Amino acid sequence: MNEQEKAEKIVRHMIEKDEFSRWLGIEIVEIKPGYSKIKMKVRKEMLNGFGIAHGGITFSLADSALAFASNNYGRIAVALETGLAFPSPVYENDELTAVAEEQSKGNSVGIYNVTVTNQKNVKVGIFRGTVYRTKKEFFKE
Amino acid sequence: MNEQEKAEKIVRHMIEKDEFSRWLGIEIVEIKPGYSKIKMKVRKEMLNGFGIAHGGITFSLADSALAFASNNYGRIAVALETGLAFPSPVYENDELTAVAEEQSKGNSVGIYNVTVTNQKNVKVGIFRGTVYRTKKEFFKE
Amino acid sequence: MNEQEKAEKIVRHMIEKDEFSRWLGIEIVEIKPGYSKIKMKVRKEMLNGFGIAHGGITFSLADSALAFASNNYGRIAVALETGLAFPSPVYENDELTAVAEEQSKGNSVGIYNVTVTNQKNVKVGIFRGTVYRTKKEFFKE
Amino acid sequence: MNEQEKAEKIVRHMIEKDEFSRWLGIEIVEIKPGYSKIKMKVRKEMLNGFGIAHGGITFSLADSALAFASNNYGRIAVALETGLAFPSPVYENDELTAVAEEQSKGNSVGIYNVTVTNQKNVKVGIFRGTVYRTKKEFFKE
């Protein structure tokens, strides 16, 4: 199993057991080592009192992208710190895509930028996450 | 209607129409001008693939607390930027409480710290949000 | 004066009067509308008690890059919120380069990612800033 | 040497060798385990092109407060991630005070809020930092 196959296998395994990502309707678009691209569609039950998507929806998508990118080398990674800026509002039925790109990967810590865009390619979330890379492995080989 | 009554009325109005906060099961504990204390219980469908709460759950609770604190003066406020650190994991059936406290309120911008704790009073989320205060009012008097 | 000339003129004007950026030894490498690339060299007086660069040095360089990118359309912009992750330490005599890239620009708010690298092209700072775009102009034409 | 004496000794040791904190003119006001209160005065050479303090000055003070609070148990701690919001501008001759308060301390990670105020007790910086706690000790006993 090469790095690419391993990355895909790990993310399939992660999402299968991830109840909240499945409630969100997250689908995998592309996985590479240290990278993920995922998407979802905004439903009525995801809106806040202003009739736009709750900030937690955009965050949750970005946070799942972070998890799928930072875990897929094989070592379990946990988020320490995350930040999200909201450049534009998200509406019902918007189709959101999140792309997580590795900025750095040290022995203990990884840093990832995640950009969330809507179906018109407008940026709706600019996210950064810092993860702690544990020594635990997903699979024993 | 004084500031306290107005704050409570606005938050009641906000949560009534906030589908996602209701899906989360958020309940209001206490509202004051520029302040909110809210709580929720973590359900199975909120867990990620590691069997702990998805980071988006803690964020969503904190983000709702931010919205309830920053909007309750009467002017509609929108989040520009948020950050969340995760000191400890959150488990199924945990009862989370979020307290949003105003750090500053200018004409256009407000800054709030939100602390999320579990039923053992362990901190599980340290959040900060910056909001833009629009000129739009909730209610015309 | 086209947008490019205006951007360059504004940044020249800004840095000329910016005492702290000059103490840091910041030099302009490239300016484009909504973009800046700047550099500096780390001196002994910029180190902390561990003998590496104080975190404030990397931040200051990134924050100057944010200012030069977000102000160069002509409207004065002020930072509301910034975040910086530190992937690798910075040493004396390191030559740091910061590149600020616009993520979004709305009527009132702009969001910028800034990446700081050393002379070996190792990332030493991953920064994001959110600015408020005032209605004040640099130059009256 | 009890925890309090150890905390004070470590911070004295840190600041003595911290060239940049000394350039800033930082003075220790109070040290407790996991806590620091420090101050400085803003000089002309710390201003930016708008004639107010460069954002890097407020950040540097907050970052020093973070370092003095998170290192003073004896284990060396390094900042992973920091965030700073700017509620109000800082002017020449302002006297700034930063207070760092521990939010959580785990085996590997600590989280601190730092509030920076001016001489009128107006908040001018709301900062949060996440540190990695190494296994290295300051002093061998």
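We just call them A, B, C and D in the order they show up, numbering each chain from 1.
Operating definition for what follows: a contact is a pair of C-beta atoms (placed from the backbone, for glycine too) under 8 Å apart; a residue touches a chain by one contact, two chains touch by 3 or more.
Nothing here was measured: the structure is a model prediction, and the numbers come from that model.
The set of chains in contact with chain C as well as chain D comprises A, B. Interface chain B/chain C: over half of the residue numbers present appear on both copies, so the contact uses mostly the same residues. Comparing the CA-atom centres of all chains against that of chain B, the greatest distance is found for C. Comparing chain pairs A-D and A-B by the number of C-beta pairs in contact, the larger count belongs to A-B.
Averaged C-alpha coordinates put the centre of chain B at 28 Å from the centre of chain D. Centre to centre, using the average C-alpha position, chain A and chain D are separated by 33 Å. Work out the mean CA point of chain A and of chain B, and you get 22 Å between them.
Touching two or more other chains at once are residues 80-81, 83, 85, 109, 130 of chain A.
Only residues 80-81, 83, 108-109, 130, 132 of chain C touch chain B when the two sit together in their complex. Put simply, chain C touches chain D in their complex at residues 13-21, 23-24, 44-51, 53-57, 59-61, 63-64, 67, 76, 78-86, 89.
On the chain D side of its complex with chain B, the touching residues are 81, 83, 85, 87-88, 103-104, 106, 109, 111, 113, 115, 123, 126, 128, 130.
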